[in-house]
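Take a look at the structures listed below.
Here chain A shows up in two complexes: once beside chain B, once beside chain C.
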Partner chain A sequence: MAQATSPPETRPEDEAQAPRYSSDAAGLGKARAGAFAAPALLLIAVFLVFPALWVLYLGLTNYRLTGTAAAEPQFVGLDNLLDAVSNPTFWSSTWLTVQFVLGSAVIGQVGLGFAIAWLLRDRRGPLKRVVEGLVILAWILPSAIVSFLWVALLDRDGGTLNALLGLPGFAWLLDHPMLSIIVFNTWRGTAFSMMLYGAALGNVPPSHLESARLAGASGWQQLRDVVFPHIRGHILTNLLLISLWTFNDFSPFLLTAGGPDGKSEVLAVHVYKVALQSGELGYGAAVSTIILLINLVVAVFYLRLLRSKK
Partner chain B sequence: MALRKRSVGVVAVIAAAGLGLAACGQSSSGGGGDAIELTIAQNAIQGGKNEAAAKFIADWVIPKFQEAQKAKGKDVTVKFVPSGVDDEQYKTKLSLDLKSGKGADVIDIDSIWAGEFAEAGYIKPLTEVAGAEADSWDGWSQIPEAVQGMTEFNGKKYALPVGTDGRVLYFNKTLFAKAGLPADWQPKSWQEVLDAGTKLKSSGVPVPIQINAGTAMGEATSMQGVLPLLAGAGGEVQQDGKWSGASQPLKDALGLYQKIYGGGLGDPKLQQEAKGRDKSFQQFADGKIGILMEGDYFWRGVVNPKTGVAKMADRDQVVGYAMIPAMEPGKGIRGQDFVSMSGGALRTVNPNTKHPKEAFELLTFMLSPEALKEETKDGNVRITPRSDVNKEILAGEPLLTFISEKVLPLTAYRPPVAAYPQVSVALQEATAAVVGGTAPDQVAADYQKKLEGIVGGAGNIAS
Partner chain C sequence: MAAIELRGLTKVYPGGVRALDALDLVIPDGEFFALLGPSGCGKTTLLRTIAGLETATGGAVVIGDRDVTGVQPGARDVAMVFQDYALFPHMDVTDNIAYPLRIKKVSKNDRRDKAAEVGARLGLEHLMDRRPGQLSGGQQQRVALARVMATQAQAFLFDEPLSNLDARLRLEARTFLKKLQRELGVTTVFVTHDQAEALAMADRMAVMESGHIRQIGTPAEVFQRPANTFVAGFIGSTPMNLLDGVVRGDTLEVAGCKVAVPAAAEGRLSDGGKIVYGVRPEYMTYSAEPADGALGGKVSIVENLGASHLVTLDVNDVNVQAVVPEGSEPAVGDDGYALPRRDRALVYLDGELV
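After this line comes the complex of A and B, so read on.
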């Protein structure tokens, strides 16, 4: 199957044409090209690079939202970082975030998104449109509205789910807060994976699948040996994006507010609580720095996997 | 040329975006020339929280104040900036506004935030912002000493008081009658509260007692929960400059929580829910809660038949109230038989305002006898800061007369220091742990450990 696994070959002509597209395709020259890129770079510097550096700096101070330390913050060095890594709440939040990412993004959204895309790959007509429409609707509705609906669905006393199941008084958001937000986020974010895999599956050459079927490959074998190798890049890109999005997702707050007693306090919620609710901006910035590092590690991990394909 | 044109377009878009951003940054009180624009921010909104206050500002304060200013030859426009959220979220929003040098010109804050806002420089002494008029305001002579005290930090007045309040035990007389309890119930000890709870429970009341606990309810857990209980056990959160750690009164207060929530007399889950307090209001209004500890806000703003968030048409007949008893007679702070806690809102001038004189005039205008009487008519009576007004308006209001005559003389205030809000959160966490099943002694020891971290070492804690 080695041939089937490789992507469309690079044709030798490409190298011959290379010089035409080498360095200055638009014929602008360095100065003008720089002038064109400058506004974008400036915006990135002002709204992305500077705030990131500012967070690094704030993490080294005892800056607070109110009180004396708001007026005159003191430099405290690495104290905030050391406090964070010795704080059990931080570690439990990290562990909850890992559960949240694995459960709702990697297993939930990727699994469900791929399953829907695979099942609907050859279908046309109303069923496909209805299913896709519903999944995408869950994705494009504003978080505030969607979470209000879910609170109404899962409420202990008057919730729709309890009414349907005949379980009055079952406290989903209190007794199973993590399960609730994982299912919620799976429902909410599946559309992206579904669309991405839908497009990717369209690129798998039907002839390859045909020959696999003629050779007697089962459904799973076709998936494993024909489809996955073709869409490997898509899978990794998708995993990278949704892992990072889910890692930094704040919408669980709208459902459980991190509760009860911190049992669904993922890192994004943890930072909001310490930095804005308790007003410890310095400590919150230090935790944000750690989150940034974790994000970088995750990104590098996926990018290396992606590159190792060549 | 096509390329050129497009690049011009891009630059124009970026420039427009930049202008848009700059416009967002403009202070709301801008406006050149003679036209003055003032904004008022409160945690009140039409159709939601504190609706009566929001209506009063829109329908009376704004037109009347503009009229009065016009008579003086000034063109003043006043705008209301509503909010309808939990107090903690309102506080976050205000601090962020003030930190960035923005915010409404006139802002309402909880008296307990005054210390930390003042330390941060977010609010300034009134004389610094508005000038000498702040001290010579004729209203001060009508405001009792204790209420004036709420506006002070380090001996300086930072705001005008908007009012004060007191806490009582509310009970549902219909449920009490079914359980064979008297309609003029007044417990004299914690045990009598628990006994009433047991009777309510056996008569089928789903939630006999609701005393706020946990972190989800925020400051409501402190003011309508652990602090009155602490006072009832003879303790204070801070005494003579030293904080109380794992003291016996704290253990007693936590012990009562354990008896209520461990003994099936309360609903532990309600204390954990994100909207637990709102739900407790609704459940009381629906006749599912027997006894509820709340402030007079509950009477005015929650079960108010006209403007409440959980209206009770038959409030005056069904809702009874009683003073909060000490653990046992004479065991409360200062040897009292009954206890309460009081706080209150403040209204101040944002130091970032461009029109401090007019903003202060608006402040005093809203606290004039005329305005207070207008605000409190039609069933919206509250305890105003002015004794002259209270004398007139409280006469027809049984609960508020009860609070101002019986409860306020024995009430207590929170320590007006910047560290208090953090200590309060630690207390809320302690109640959450007890409701979750941890033993009170263990929880008290954990609280002391946390307290040491907040107030700067064991030296600041009374042993």
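After this line comes the complex of A and C, so read on.
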């Protein structure tokens, strides 16, 4: 209150106070501020930090689901990691995961989501609501229901798709397992990108687009010169989230169970199989550690892109 | 460079707003034409329909000798300055100015040369490497102008380009823009809601009201002889006195006083008819002594206009305003008499000029 009415000569005092205000705006003091934050920090520690550290530790042991190693796990150092990198299944899983992320997330969800948002940007009325409604429906249905629907859709005999295409007996999930899960995951997750880009496109000033149109810019040139530069931050954030979610996505298992013959065994499915089906918890934890590292690298890559202005 | 012709141009927005109602307008080649009107009267719509950013519901737009009504904006050969300038934030000034040339596939060197030339002409030499975010409002406005100039379009369309500048800068930009248009000689349509701006800059102007053009003429014509009471009330920095009156033989009875019939209306009024008597405060001679044909009353308000004063007289409960030169302004409560200039006073019958 004093500052509002005090004359200019008190300014040095104001300046002396300024840093104190900026670092402790609420005036709580360290102890009380810490006490307020403690419950949240505790929850984060219990449910996020501790399990992550526990996985790191398990990866260094020969812990198993059953048997003697389950009762008395031995410390084995980096053996599990070395096993993983010399295991061809691990490498094929990694490669399948890259295909899965590029195909269903980067190209599928981001591309389709942006395309729908762009085509619907100026539309009002029933068409827009129907399209958005369908896309969002695919997103909010529970995985169990959705995967059952897709199994029914793609079934070899009596599947809806084969009936529509007139291809009785064509085994989509056996002959094209990767294609099936990529299309499935694109369908499943496009809503998020569509909504994010819908909001982002609303922030592109119409006069900028019109200015480009008046100069004679084609649709593609308008995208390149006006739209993408404006929503660059949205694109990168979207790519980051979508890539990580897809990388760790387990729902392909519900469709193909990683088969046939490991042809759709992405890393998340690989971990599940070795850790819970074969019971090698230590090895599974080591692969999880690698997944964690890949996630970190991907996140750092996008965040750097996001920070750099040019 | 080309003339612009609008024939029966109509625009109805979805939802039924009739923003333009069968407008006819011819803007000759090289003219600086102002579109003036209150907010929401359809000025922006008219400009955007000329540019092709809105499709006309009816009528035709002709630029030069080409009917462009169904032509894409990019193929109409017009350039537009938007109210927010629409500069691309991720491009520097050079790239912004050269953008239309880049779309037209002009080589990179030619583009840079042209941008540098136009930029220098508008005093932007030392700013060519900056981004729009690093420029002041006035500088951004000049970049937007430079971008338009670099295109060598047939016509320029400006949508309130000065309204985002502060008052002082606006006056400078006004003079600058007028001079520039003179030199370039490109047909220019200029939208504004500020009557002073339109009067100051235009060769000719149109005054619009809810989708209709109410008057077209030079600024002098529109200022001196507004065609109807709407234009009369809209034009002028001090509003025109519009007083209800009755014709009494060869004089008019206005606010309980007898005033002479204006020169232009002589012999065209019927006895006993109701009229509106219009005279600008600037065209009143004020004195403290009674005079024949003057409107007399008590001074109720005196407003300082700088070099003059705006005096409001209470004439039998009707407000009458007169502009009084500095030094001779009366005090509130004085008796005062305002004598209209007979050659500048106007009579409106049913809202239209007699």
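Simple rule for what comes next: the second predicted complex is superposed on the first by the 285 of 310 C-alpha atoms of A that agree within 3 Å, B and C clash if a C-alpha of one lies under 4 Å from a C-alpha of the other, contacts with A are read in each partner's own complex, and residues count from 1 in each chain.
One rule holds in what follows: a residue touches a chain if its C-beta (ideal position, glycine included) is under 8 Å from a C-beta of that chain, and two chains touch if they have at least 3 such contacts.
Just so it is clear, the model here is predicted, and its values are computed rather than measured.
In the superposed model on chain A, is it clash or fit for chain B and chain C?
On the superposed model, which is not a single observed complex, chain B and chain C fit side by side.
Check whether A:221 is in contact with chain B, with chain C, with both or with neither, and answer first, second, both or neither.
second
Looking at the overlay, does A:207 come into contact with chain B only (first), chain C only (second), both, or neither?
Only chain C; A:207 stays clear of chain B.
Tell me the contact category for A:229 with respect to chain B and chain C: first, second, both or neither.
second
With both structures superposed, pick whichever of chain B and chain C touches the larger number of chain A residues.
B
Touch check for A:107: first (chain B), second (chain C), both, or neither?
Neither: A:107 stays clear of chain B and chain C.
Aligned on chain A, what is the least Cα gap between chain B and chain C? Give it in whole Å.
40
Report, in rising order, the residues of chain A that make contact with chain B in one complex and with chain C in the other.
Dual-contact residues (chain A): none.
In the complex, go through chain C and note every residue touching chain A.
Touching chain A from chain C are residues 51-53, 72-76, 78-80, 82-84, 86, 88-90, 99-100, 103-104, 151.
Quick one: which bits of chain A touch chain B in the complex? Just the residue numbers, please.
Touch residues, chain A against chain B: 36, 39, 43, 64-68, 70-71, 156-157, 171, 173-174, 256-257, 259-261, 276-279.
Residues of chain B touching chain A in their complex?
Per the stated touch rule, the residues are 7, 10-11, 14, 88, 92, 95-96, 99, 113, 115-117, 119-122, 214-216, 269, 272-274, 279, 418, 422, 425, 432, 436.
Going by the contact rule set out above, which residues of chain A touch chain C in the complex?
205, 207-208, 210-217, 221, 225-226, 229-230
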